[in-house]
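There are structures below to look over.
First chain A sits with chain B, and in the next complex the same chain sits with chain C.
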Partner chain A sequence: MPSWSFARASSRSGTASRPDPTAGAGAPAAFLSTRGSSVSSWLDYTINGLIVGNVYALVAVGLALIFGVSRLINFAQGSIYLVGAYIGWVAVVQLHTPLPLTIIVVAAAAAIVGLIIERFGLRPLQNSVRIAPLLATIGISFVLDQLVMLTFSPNPRALPSQLPDVRFQVGGGTIGPLDLLIAGVGLTSALLLFVFLRYSKLGWAVRAASQDRDAAMQMGVDVNRVNQAVFGIAAALGGVSGMLVGMYYNQIDTAMSLQATLKGVVAEVVGGAGNVPGAVIGSLLLGLVESYGVAVFGTSYRNLFAFLLLVVVLVLRPNGLFASARQAPPEPLTGTFIAPSRPVRIPRWALAVAAAIFAILPFFPVSFYVLQTLINAWLLGMLALSLTLVAGTMGQVSLGHAALLAIGAYTSALLSLTLNVPVGLAVIGGGLMSAALGTLLISPSFRLRGHYVSIATLAIGEIVSLVILNWESVTRGPIGISGIPPLSLFGYDLISPSSIYWFSFVVMAVLALLQGRLLTSHLGRSFRAIRDDDIAARAYGLSLNRYKSLAFIFGGFAAGVSGGIAAHLYSYINHETFNTQQSILALTVVILGGLGNVVGAIVGAVALVGLPEVFRIAAEYRILIYGIVLLLLVRFRPQGLLGTI
Partner chain B sequence: MSNIDRRSLVKGSLAAMMAGAAFSRGAFAQSSEPILLGVSGPLTGPNAQYGTQWKQGFDLALDEIQAAGGINGRKLAYQFEDSQSDPRQSVAIAQKFVSNPAIVLELGDFSSPASMAASPIYQRAGLVQFGFTNSHPDFTKGGDFMWSTSVSQADEQPLLASYAVRRLGLKKLAVLHLNTDWGRTSRDYFVNAAKEYGAEIVVTEGYIAEERDFRSTLVRVRDANPDGLILISYYSDGALIARQARQVGLKQVICAASSVYSPKFLELGGEAVEDVHVGTRYFPEDPRPEVQKFISGFKKKYNGLEPDAFNAYAYDAMNMAAAVVRIGGTDRKAIREAFTKVKDVPSVIFGTATFDVATRRVKGAMNAELVVRKGQFALWDGKPT
Partner chain C sequence: MTASTPEPLLALSGVNTFYGQAQVHFDLSITVARGHIVCLLGGNASGKSTTMKIILGLVKPRSGDVTFDGASLIGLTTPQIVRRGIASVPEARRLFADMSVRENILMGAFVRNDRDAVAQDLERMLTLFPKLGQRLSQRAGSLSGGEQQMVAMARALMSRPRMIVMDEPTMGLSPLYVDRVLELIRTINQEGVSVFMVEQNASLALEIAHEAYVLQTGKIVLSGPARALKDDPRVRDAYLGGSEAA
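After this line comes the complex of A and B, so read on.
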């Protein structure tokens, strides 16, 4: 196991008490061969996988239910889970309710939250573009998470289990009554939902609505009532699961929401999106794969297996493992996912004036803080240009775009540090690597459509981050890369805020001009043709994979350059620098600006970098305000500020 | 390691006060405005809990500083900017602070990516970045304006290894660590020291911060057949591991790094953390006056709440900042120089803190060997568990 950091550290300081390079002897590979696990250990790994799969199932079932009806990945499901956990804490610790009452209280309160979300967050968007509700759920999850954090403080709390503390010996370990209760709740709810959907009248209505909304409405199904029922049930289940999982670990904190959503989405898609019993089996399978992954390769590889499982399932069986062959395609054939709208026309002279003002801004007495905020906006703008091309123009909504930043940043940092490549060239190298590697990684999912592309890219993003964490010989693992040289051009260091500002502004402007040119060209029209109707596009002789590759190559380059510049600006990066939140932020920018809209991407980047800074006076409340502003924007401009092109 | 010595302590604080008095005449213009420190740290986002703990520690220290007459009659205050531990925001905050002439010193950030991304800006502008939780070995290498009172892991981990191997007599160790820059560095120092003391490391497992489920990891640990588990964890994950270790039937001695030292560890871990050994920098019954003052003041200010390690780091950092400003005044360069001059500042973590000018860190953290008994941290009595 290479242990780069210490070799480097000791060469610098030469002190005697440094750890020796063999300190990392716990290398996974070594254990693979030397430490044969006994049969009983495998039994334990299996049991543990099923136990944790059990926990994932609770979230996945709720997600599956909502996806089944609304074709919506509900990113707020994890937040409802969080709300449920904290309501459970109030009930148990403050009100001392007995367990059955606690469950009823939590289910009822969470259901009310779900109904509010449906009524005020999502129903107003039902006739707007398909992507708007997705963004709304992201905004809602911000708001809910922040409300919980402000009410209960971010400190973790203990949520004591109300069940008797009896342990049953199973294999080498033990299980408790909570394990059984969680399994019971997961299986019973899946079974009840299955019966409900198959045999009750409202269940038929739910299924009818999920197959064809308009037809169901014509047949007299009250679709709104169906949606209400579904959100209520899913939220109640989400709340109860948050509480049970909190009791299981005797710990609740405000960071549990995003993780729950991520694992729930993986499990749900593995089982077949919208398939309730499939979600349970998908969850158990996910738990098992993780557990065996830990068994064979070690703990730090755990999530790598979860996301690899997801990508493999998506590529081989995009409808999930348990989809029947006759099932209708889960996504519409033509591009209603991203509905075209009339973009706001901005006259050329106005753009030129705006660009000129930003170009000469450092000559005016603006503070370095404003310049730095705009530098951040230009860097995010490059990422947004990349995403708006692949998501907006090409229709491949990526949720893993931060991975492209990371590839660009690591490539550029390592090129300049280890090979002494001049920084200007290294940044371009980062862009090229991001273009090449990003396109290669995404290519297996070219055959996917709509939401499945988002989920596949989410997984690929996580995989890239985990590879960076574990591939220590190249990336230096969790220690990260420090001492990255500052930006420089033709031998001149760019270290003053003004020079970095100009550099990033010019790079972004050039990329934006190129992309604007691209959109009006034959190539841009082909991209949009594929987005709007890929079957028709194919019938006209367009090779889908080739065009998708071209879009990702161009987009990957822009994102990689952005990451490269960021690496030299920060001087230190590690696997946490470019995280999932950045991917979600980038998507928010793109949807806010208007999908495919070049100017919109830049306006969106300025808005979303600027707003949290403007709200700084609100201290702890600023992310809450940001979430509310986001929701209002989605509500009143679902096609984005400047409209989809 | 320095031992508790009351005399040197009194001498140290006297020296600091005298130095302060001597400098005060020239350096301080008469002003009713408070002297302002900038703090960059997480108040929202996944690390928000640590930002709130900082605030508690800062506020207690500031109450004491103001009560003692402030900095030569002027109040000391801080401006806390929320970075969410996001490098993008910490660099903007850095520009904000460096361009605000009222700010004389910066504290934070929390995570290494956020802190070290902002370092070049502070270094170029000549504003001291005082990172009091930044244990990354390269943090103070960012430039001569980067100073840290974070306990160096090169210092702390051998203490923990000595506790586990020499005092508790453990011979075959399983090390579980957070797979972050802190956890990874700590693990390597620990493993090295433990080997030196004659123990064998049978397995090491790194886990990500969001991890909740450790059962399968613990089966790996069990199969490696250790006689002790070492947790290089924070309190929330440390409590989870201890609970699950008992659930999967591991009965080995557990020994944890000082970062689990928090009342939350006891609350979250419940019965499972009983008999867990913790190497810490201070403990409640510690007779040192600065510890007693800190603990009693903290409980009084926060309704009986027990302080934890992060509260102590922040409290110490604010006291150090006050000592530095007493010497350096309000000029940023003079404050940078003051870091090289400040001596023997009373500290909960170090007893008395003096910077090593070459590394810009403080050496010689105090050591206390605690064990959880009847749901409370207590000094280990030497009896086997």
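After this line comes the complex of A and C, so read on.
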């Protein structure tokens, strides 16, 4: 996925557009040539790091305010930033507003978006399960991003900065009016926020509510108003931040959203979730770490440093570098992770009949298109089986599950291409590698809980993708792997659609049967015990690390096999083949089917892959639909179609 | 039940509360007369704290009514109830740990808009709780348990409530502070504030209360003037989990 980055060319005079935001495609030549250690460039990197840090801070402070008051990581923050950038574009390019007015328009419009999100997206979920608001913000973010994309097209646009293009010498480095503007906006916002929190009545209410929500209510604080204020402020800051970044690069595109969320979350968590000054310091630190990392290793390593910093902080100081006294936990503590429900009982014979119908389907005159769609469903079904085990049964809501696909796919592709391992074995090898490596990579997050697991897995997923991008000697880097041999079994190539269909169907069915057995076993009960109350489970002698590892090993295998099969079907893969969108799609499938529900995972996969085909929904609307489905589920049927187990 | 004073300030009548399937309160009725200290006694899991939450609107009863000064509180949010004149000293004090002592006390006046009078009341709190004078700019979380209890009480008084509800005000305090807290509750009451308190420590609570109720697994098993209950062996029974009927 293309991502914006803050790599700054050594000279920006007169250029219409700054270095292209394709961290993936390697650094711009002009930038690489300045790699070195002269004092002036180091000063430049420091200035750049601090400016970038300022932009991150505008996003992170909003995240911290929201986390403080409602213990929620707002995954829609990047979308508001995106909306801010495009509103800025409309204001500058179409309405020709002067700069101060542009800033006010963007802040106000973004704040309105934030208020709408709070009122209609999150407030109805106040009394629902803990995971619900998090999922809702993910859904909102998909909907907003897609709406922006549909309105403005996915093509990048130029966002002129309206400032004179001159640069001043400072010490050995240079600084331009836009740098000063960004620093000015950052400092002004920090000052205004400080005054607001310290001297206004609503500011006091925000602080009180973020330290003890119930006690604040007992002082007469209306927590809904506090939430509103916090979302409005966070959105205004985020929107302005997106506009400034757009001006900095003279370019905006829809991929900005996810990256902004990720960077903001990293900065916020590094500073200590919910800690506003911590978020500022975490942002500046992140900006500097990235800038220096880029100076030494090159642009394509920028994000890697960000996520490594996150993982290191999460492992060593899970409460952040500047952890504040933690808020008194809201009651009740346990048993509310997933929506409790009675799973829909499906008689065995019905399952057997359904399986038989799908098994003999290729004998009937069905079109290639139908088989192709179902093959996709079976592959997604395997990923969903994996995720429903990890997220549903084990309670570790992973947002980086696509990484397991990628590991399986690369392993299987490379085994068959470079070592001439038979494809059937290579796919199994992919599954095993995904199980082993995936579990190893995810293990730092085992000590984390709730939303932190989601952040950590998201970061780990990004790290996998970035390692694939940068480890050129093994993964062939940005070029990707082409010419992957087709599926084969015992020397027979599986090329006809029906043979591929059968193969993927059987593999998925076997995995599903195994997982069904697992759930009713003692092991499955232990998984659920840990999900529902990890403290109680530990008190009964269950080792959390061991069981979480087991869940990820089993889940990693299923996902790795899915990725392996996909690699041989696609014949070409690169580091972007398996991206966060797929992780989120898998999560939507799993929630649609009912968290932890094996049959539900498959039904969900068939529904989400098949229904858009049945209704002939154009591709660009699909992600929008997935986002809406996720939102509606969280709001109206959190237990999914078949119920949670 | 108790009924000797005219119209009560607070009345719970026929309250039934559930957590999911589990019933917490069975037809609970409690009245607090104006100007009185009323104490709700009971052991663990008897439903005491839930009674507090019902009054404050943090938990909604399935049936029954709660009236304050003649008007029903059912359906009001917690902030609205606080604005009607009920202040709370929550269980384990629940101060805003990262805010200063001054800020904590002033948070109690959140519902008020008369800044000058609030400043005067802050001064008044410092005469009532002289120890807090030196602690005003300190983080509330850094105080000892007893000092925190003082802050929590000062915070509650700052809204100029007609009634204060307290959840186990003596819990976890040293004996010295227990006496001090009880004495303060009496002082507050003498200034015209009615008090409803939930306590485990029956003998202490009955020292200062006018009336008391004993709650056992969600039912009122005993009630009456505190003086009468003090010597009632059934109070002991209720605590030791004696017979259901008591």
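Note that in this section the second predicted complex is superposed on the first by the 531 of 645 C-alpha atoms of A that agree within 3 Å, B and C clash if a C-alpha of one lies under 4 Å from a C-alpha of the other, contacts with A are read in each partner's own complex, and residues count from 1 in each chain.
FYI, contacts are C-beta pairs under 8 Å (C-beta built on N, C-alpha and C of every residue); 3 or more make two chains touch, one makes a residue touch a chain.
Computed from a prediction, not measured in an experiment: that's the story for all the values here.
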Worksheet item: Where does A:148 make contact in the superposed view: on chain B (first), on chain C (second), on both, or on neither?
Response: neither
Worksheet item: Of chain B and chain C, which one contacts the greater number of residues in chain A?
Response: B
Worksheet item: Who does A:215 touch here: chain B (first), chain C (second), both, or neither?
Response: second
Worksheet item: Touching A:55 in the superposition: chain B (first), chain C (second), both, neither?
Response: first
Practice prompt. With the two complexes superposed on chain A, say which partner A:586 touches: chain B (first), chain C (second), both, or neither.
Written response: neither
Discussion item. Under the stated touch criterion, which partner chain does A:174 make contact with: chain B (first), chain C (second), both, or neither?
Written reply: first
Fill in: Which superposed partner A:244 touches (first chain B, second chain C, both, neither)
neither
Discussion item. Which partner chains sit in contact with A:469 here, chain B, chain C, both or neither? Use first/second/both/neither.
Written reply: first
Worksheet item: Where on chain A do the contacts from chain B and from chain C line up?
Response: none
Response to the item:
Per the touch rule above, chain A residues touching chain B in the complex are 3, 5-6, 9, 12, 17-20, 23-26, 31, 35, 37-38, 41, 44-45, 48-49, 51-52, 55, 146, 149, 153-158, 160, 167, 172-176, 249-251, 253-256, 259, 290-291, 294-295, 298-300, 302-303, 367-369, 371-373, 376, 379-380, 469, 477-480, 482-483, 486, 495, 497, 566, 569-574, 576-577, 581, 609, 612-613, 616, 619-620, 622-623
Item to complete: Would you tell me which residues of chain A are touching chain C in their complex?
Response: 201, 204-205, 207-208, 211-212, 214-222, 324-325, 328
Worksheet item: Which residues of chain B touch chain A in their complex?
Response: 43-46, 48-49, 51-53, 80-82, 84, 86-89, 91-92, 94-96, 98-99, 111-113, 116-117, 119-121, 124, 136-138, 141-142, 154, 175-176, 179-181, 183-185, 187-189, 191-193, 201, 203-208, 210-217, 219-220, 222-224, 236, 239-240, 243, 247-249, 264, 267-270
Item to complete: Name, in rising order, each residue of chain C that touches chain A in their complex.
Response: 56, 58, 77-79, 82-83, 87-88, 90, 94-99, 103, 106-108, 110-111, 141, 155, 159
